[in-house]
Every structure is written in C-alpha cells, then in structure tokens.
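Next, two complexes with chain A in common: one pairs it with chain B, the other with chain C.
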Partner chain A sequence: MGLLTSLRDSISRVTDGLFAADEPKRIGIYGPPNAGKTTLANRIARDWTGDAVGPESHIPHETRRARRKENVEIERNGRKVTIDIVDTPGVTTKVDYKEFLDHDMEKEDAVRRSREATEGVAEAMHWLREDVDGVIYVLDSTTDPFTQVNTMLIGIIESQDLPALILANKTDLPGSDVQQIANAFPQHETIPLSALEGENMDEVYTKIAEYFG
Partner chain B sequence: MPHQCIECGRTFPDGSKEMLSGCPDCGGNKFQFKPGGVTESPDPEATPASETATGSEPAPDFDSSSDVDSERSSPDPASPVDTSDSLDSPDGTDAPGPVDRRPERAVSSGTADPDTTDPVEGDAERIDDEEAEDTAQASARSDVVTPDELDRATREAGDPAIEAPANGSESAEPPGSQPGVDELRDELNEQFESIKIVSPGQYELNLMELYDRQEYIISLQEDGRYVIEMPDAWGVTDE
Partner chain C sequence: MPGATPDVDGGDDPDDDGVRIDMISGARMEGLTSMEKIRLILDGVREGNIVILEEGLSPDEESKLIEVTMTEISPDDFTGIEIETYPKPDSGSQSFLDKLMGRESTQKLTVIGPANRIETLHKDENLISTLVSRK
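Right after this comes the complex of A and B.
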C-alpha cells in the first residue's frame, strides 16, 4: 500500500512537472466585492495583451461569472512568465438585492443581480477549490480588512498552500491605509497599488513573476 | 409506561410506534416521559431542571435512564454503533447525544421493536426528560434539527460533559468531552445550508460549505431549486 502510494506520488510529481513546464499557472484574482479585482484584471490584461477581461463598475457584484484571460505573458527582469488570469466574482457571506436599489436599479433587476451574484460566489469558491494555482488577493485599502470573509479566504488559501499575493488597492483614494492591511495579514507581503490609476504596477508585476513564475 | 399523552393521559409502552403520529385517542402531540418506578412530577421540566441546576449528580441521571434498558446485558456505550466513533465514552455519549443522534433515534424508535432498541430508547427518553416533550416528539417525526435546537442542545451538552469528570470514575472525560463539542460544531456546520435563501433576492452563504463541496451550484432558480454540477469523478474516488 505504501509502495503504491509512493509510486503514485512519484508519477504525480512527474506529470505535475511536465504540466508545469507547458501550461501557464492559473492565477485567481480574489477578494470581497468592489475591491477592484476586475479593474486589476483589466489593467494586467491590457498591459500585456491589449485586451480587457470584463466590464468594471462601482456597483458591487458587477462580475458575476468568473472570467478568464489566458496566456498573459509578463516579462520581468529578462524572465517571461505566462499566466492565465481568472477574475472571480466578489466573495461575501450575504447578498441582498436592496443594496442594488441604491444604484438606480429596478427591484426585478436587483433581485436577478443578487441571484447571479450568489451563483458567482459559489463559482468563485469552486474555482478556489479546484482550479487555481495561485491567488492574487485584492483588498480595498480604504476599508477594514478584518472581516470574516477575508480571514476565511486567506485561511483557505493558506491551507491549500497556494502562493498568494495580497494587494492593497485604491491607494489613490484619500482614506487609503495600506498598513492596516499589512497588519491584518502579517504572514503575507502586502503590495500597495492603484489598479485604476496604474500606480505601482511595476512592483505588482515583479511580484507576480516572483510568486507565480 | 414511559410516555403519557398530556392531553388525555393515555400511556404508551416503551418503544411504542403509536404516538409517533400523535395520540390515537385525542390527537395530541405532546407527551411526557415517565420512566418506570419514578413518581410522576406535575411539571415535566421540573426533574431535568433540578438535575441540571444541581449539576453534581450525572450518575443518577444516567442510571435513571438506563434502568429502562436494564435488561441489556452490558451497558456498552457503543451500542448506537453508527455514532460511537464520534463519542467514545459512556458519559460522553450522554452529553452530546441529544444533538447529533436525534434523527437516528427518531428512526430507530419508530421502526424497531422495544427489546432491541432499548439502548436507543433510553437515550431518546432521556432527551425527552431533559427537554420539552414536544421537542422530542417533533423530532421523531421530522428529520431536520433546527439550528436553534442544536445550539441549545450544544450548550446543554457542555454541562454534563463537565460534570462527568467530577464523578471521578472516568479519567478520559476531559479530553473526551472536548472532541465531543467539536464534533457537535462540525455536525452543526454540516447541517447549515451552503446557500440560504432568506427571501427572493436575499441570500446568506456558507463559504466553507461552498468550498468543501465537490459539486457546485451553477444556477439558482426562482422557486428555490438549484442546478448543480456534479464532479467528474463522482462515485469513483474516495467520496
């Protein structure tokens, strides 16, 4: 039994190695709603492929299906790193159509958006379990990072031994507090950025190459 | 005659199936537990209340419940086979029992004959004794324990678990009782829905449940149904 197990592990390692050489790492962009995940995904995709990943919006849960941008080649310090970017719906423990009513949305549309957002969270969690090789965790640096969702997701990511890069987004906003995020997750490196303005993207790409290359 | 309809006073023998669908005479669905030899108490909650209040004599509690199944040759706590793995001490089974085995007891007491189900019956009636009778009976007819019940039972379970070591007979109680509570929490979590539809357009999500499940929800329907994607290897792997 032990022999079989070790044999299987060996084969698994070899095949993993082969795939690792051939296939780009699939990097999930995770975080709570409205943290700027799609803005970041679009920024990365536009910078390196010229295309966008999906529409951005200030209304929460704009992204309700995971969207993937494949074969994004990032060059850093002479190294070329190819990744697939998966922009995931914002993860939350509660979805309420009422929050959409504030954004001039009819109730029927708000209810539908709410349902789709819930499906999106389920999909995001499924991707996290099955389909990502690394995580870029995006947080809005103007909001409190000590939330149940953040703690739980970071915990899951750590338990999976996935490489994770924590980004403190929206540094262009007045209330931005990067240190608060660094304090919340001291076991990880926190990189400040403004995905909207493109601030500090150089460091982000360097870290992406370092973490996921 | 351990069970008595509080409406009409009709009594039922241990393991009776009749009362599972209500009292045949008056239709009442509230019964009180009257273990043999114990004098009736006007207030069905008086006994458990005093027991839990004093908190110092878990053994009589255990005995009074097990005298129902005194014909059992050995008070082997592993009799409820399917749950013995999670609750491994006799006194430990006492405490968390009310919570995590309720559906199984309900099934057993309703289908098997009294002789063979004595150990299970003993447990079921102890629940009956500890909680309101209608709760136990309601649980016998339904297969879902509400989170509220579980929460209450979890809290109650904590007391006997602490009392047991004070009895001094089992040295393994403290470590045994803590896993029991953890098991209960796991059980509790398992029973939470992965997605709770509070009302149309309002959802509460159990992220751990969503993450832990192999299948995932693709589409929620208006009527509360949902479509799931089954994993590719369903039934082939260790699941």
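Right after this comes the complex of A and C.
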C-alpha cells in the first residue's frame, strides 16, 4: 500500500467515522471449510444475544449462504462494541459433489449441495471485496495452515487493508498446534480457542473489541 | 481474443495422454485486463492443461479467479482448480518508490491446474511439491 493511498484511506476512515460512528461494523468470519466458523458465530451470537446464527455440521459446506447476525453488542472493559457478524461459507477453489457421497448422501442431494456451495463461495468472495469492515479468520489448529486458500485469502484481506484477527480453533482436540498457525502468518496475532467448548473466549472478545471497536 | 490459449503443434493430439504445460510470461500477461487473465487461465485449465504464470496474479485478481471458477464448476465436468504460489513475501522487500506509488509486487510463480489432475504433496515457505496425473 502506497503512502498516498494510505493517507487517502486514513482521511476516508476519519470522515467515515465522523458520520457513521454508531454504525455497527460488518465483521466477516472467513476460513476454509470445516474450520469451525459457524460454531464460532453461534458461540458469539449466543453469548451476547441468546440466538444462534445457523446449523453446524461435520460435513463440509454446511454453510452455503453468507448469514448475518446484526447488532451483536460486545461489552469489554466498560466499553461497548457493536458488530454485525457475517458467517460465510468455507472458501475453496474446488468442489466435487462426489466427496459428499462419502457422507451417506444421494447423488441428487450431493449435486445440489455442491451447486449451492459454489454459489456460496462466490458470494463470500464478493462480500470480502465489497461488504465487510473487518475479518475474523478461523483456522482448524489440527490441520496444516500452509494451504493455498489460506495464503490467498490472507493476501486478499491484507490488500484490502482490513483489520484481521486470526483464530486457531479446535484447541480441545488432540494434535492441535497453535504455534504452526502463528508461524504460518507471523505478521498477524494468533489467538487460540475452542469455539465448541468455549475455551479462551474471554481473550477472543477482548481482541474483537480491540480490533473492531 | 487475447485470452485464448494458443494452439501448439502436438498439444491437442487426442491420443496423447501426456500433460501439457503452458508457461505464460509476465510480458504476455502485462497488457491484459483482470478478466482476460482469468479467461486465459481458466480456458487452459478447462482443456486439462497446467498453467504456470511467471508473475502470478494480484490479490484482487486471485479473488475474482476463485469467484469465476466457482461459477464454472459443474458436476462430472469441471470440479475447479488447484492453485499454488509461495506465500506473499514481506512488504519490506518492496522499494520505497513502489510503496510510495502503491505498487504491490505480485511477482510470484503460480501453478494452476484442474483440481482432478493436480495434487499438492507438500508446501511451505520455500518448497511446493505437486503431483500431476495424466488424463
């Protein structure tokens, strides 16, 4: 990002802030399929609004449309931060309906699921370029973070100058390696958590308030 | 059309079960719009070719490549792409003039192929190891 562009963006942010100080920030929850994005979105929504965002599943691409939970008010250290959570479909560069057949699905259902998944990923990419103010990037800490999708998405997020919080999820599982994620993206802070068990959510909320407040 | 994959002698032989690799120079990509670049890549990949870009795509173009790829996936025909690049280098490697002008270096060797023919075996900051299968 050039200095002139940075200066222009800084001025734009200040003027936007003057006129829209109370507007909730739209925070996109991004990451590869099955990283626990919806589990996290539900955890945040339940903790602060009492409602859930959407169904969770171990089958990839359960979330096939970006889902939004508006006006989630998070209170931290006497300060309130209001955000809209956007739970997005897991981003990938390939979708093969045959993978769903392994989950006891009929071909017709698998084809429909794959078609909806591709539409959802395209929609998620569009949201990322146009419609989010910040990103929570969720990774499964039991899997290798050095994937092309992760590299590309982090690069896209950085090129948009969006504030990004990287969460190393599933720390309750054996084989969880938070340091591996920290090593993969050293330019960002990595926060460990288990969205399923609610472990370390206090720190997650503190960081959400710090990054997106 | 500037995006079309050029015909190469022997490249389209139906009896040839080899793997065709198109290595596209930065100079060839330079004059193309984002969508022309994406078409050039996807047209090649959908023909079953491996496309290697000398200088890669910008983050915005990568985002659009994913989006367009998703719209073209269809059952039993095209399942998407496999793409590999090295992680983005530190911004510290950019020159002061590049930073001042907002020029981001996109120079990163990029390998793109059909998802059903190319499989990543290993990837880290310095090594990408992939397996390319025949048709």
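Assume the second predicted complex is superposed on the first by the 195 of 213 C-alpha atoms of A that agree within 3 Å, B and C clash if a C-alpha of one lies under 4 Å from a C-alpha of the other, contacts with A are read in each partner's own complex, and residues count from 1 in each chain.
The working rule: a contact is a pair of C-beta atoms (placed from the backbone, for glycine too) under 8 Å apart; a residue touches a chain by one contact, two chains touch by 3 or more.
What you see is a predicted model, and the numbers here were worked out from it, not measured in a lab.
> Quick one: chain B and chain C on chain A, clash or fit?
On the shared chain A, the partners clash.
> Which partner does A:Arg129 reach: the first (chain B), the second (chain C), both, or neither?
Touch status of A:Arg129: both partners.
> Which chain, chain B or chain C, ends up touching more residues of chain A in the combined arrangement?
Residues of chain A touched, chain B against chain C: more for C.
> Would you check which partner chain A:Tyr97 touches, where first means chain B only, second means chain C only, and both and neither mean what they say?
Both chain B and chain C are touched by A:Tyr97.
> Contact-wise, after the overlay, does A:Leu193 reach chain B, chain C, both or neither (first, second, both, neither)?
neither
> Between chain B and chain C, whom does A:Val86 touch in the aligned arrangement: first, second, both, or neither?
neither
> With the two structures laid over each other on chain A, which partner does A:Thr151 touch: chain B (first), chain C (second), both, or neither?
second
> Once the structures are lined up on chain A, find the stretch of chain B hitting chain C; candidates are 22-30, 166-174, 184-192 or 220-228.
The one stretch of chain B in steric conflict with chain C is 184-192.
> Let me check the overlay on chain A: which residues of chain A are in contact with chain B and also with chain C?
Correct list for chain A: 91-97, 111, 114-115, 118-119, 121-122, 125-126, 128-129, 152, 156.
> For chain C, which residues count as touching chain A in their complex?
58-60, 62-64, 66-67, 69-71, 73, 75, 79-85, 87-88, 90, 98-104, 115-116, 120, 123-125
> Quick check on the complex: what are the chain A residues that touch chain B?
So the residues of chain A touching chain B come out as 91-98, 107, 110-111, 114-115, 118-119, 121-123, 125-126, 128-129, 149, 152-153, 156.
> Under the stated contact criterion, what part of chain B meets chain A in this complex?
194-195, 200-208, 210-212, 216-220
> Please name which positions on chain A make contact with chain C in the complex.
1-5, 91-97, 111, 114-115, 118-119, 121-122, 125-126, 128-129, 146-148, 151-152, 154-156, 158-160, 184, 187
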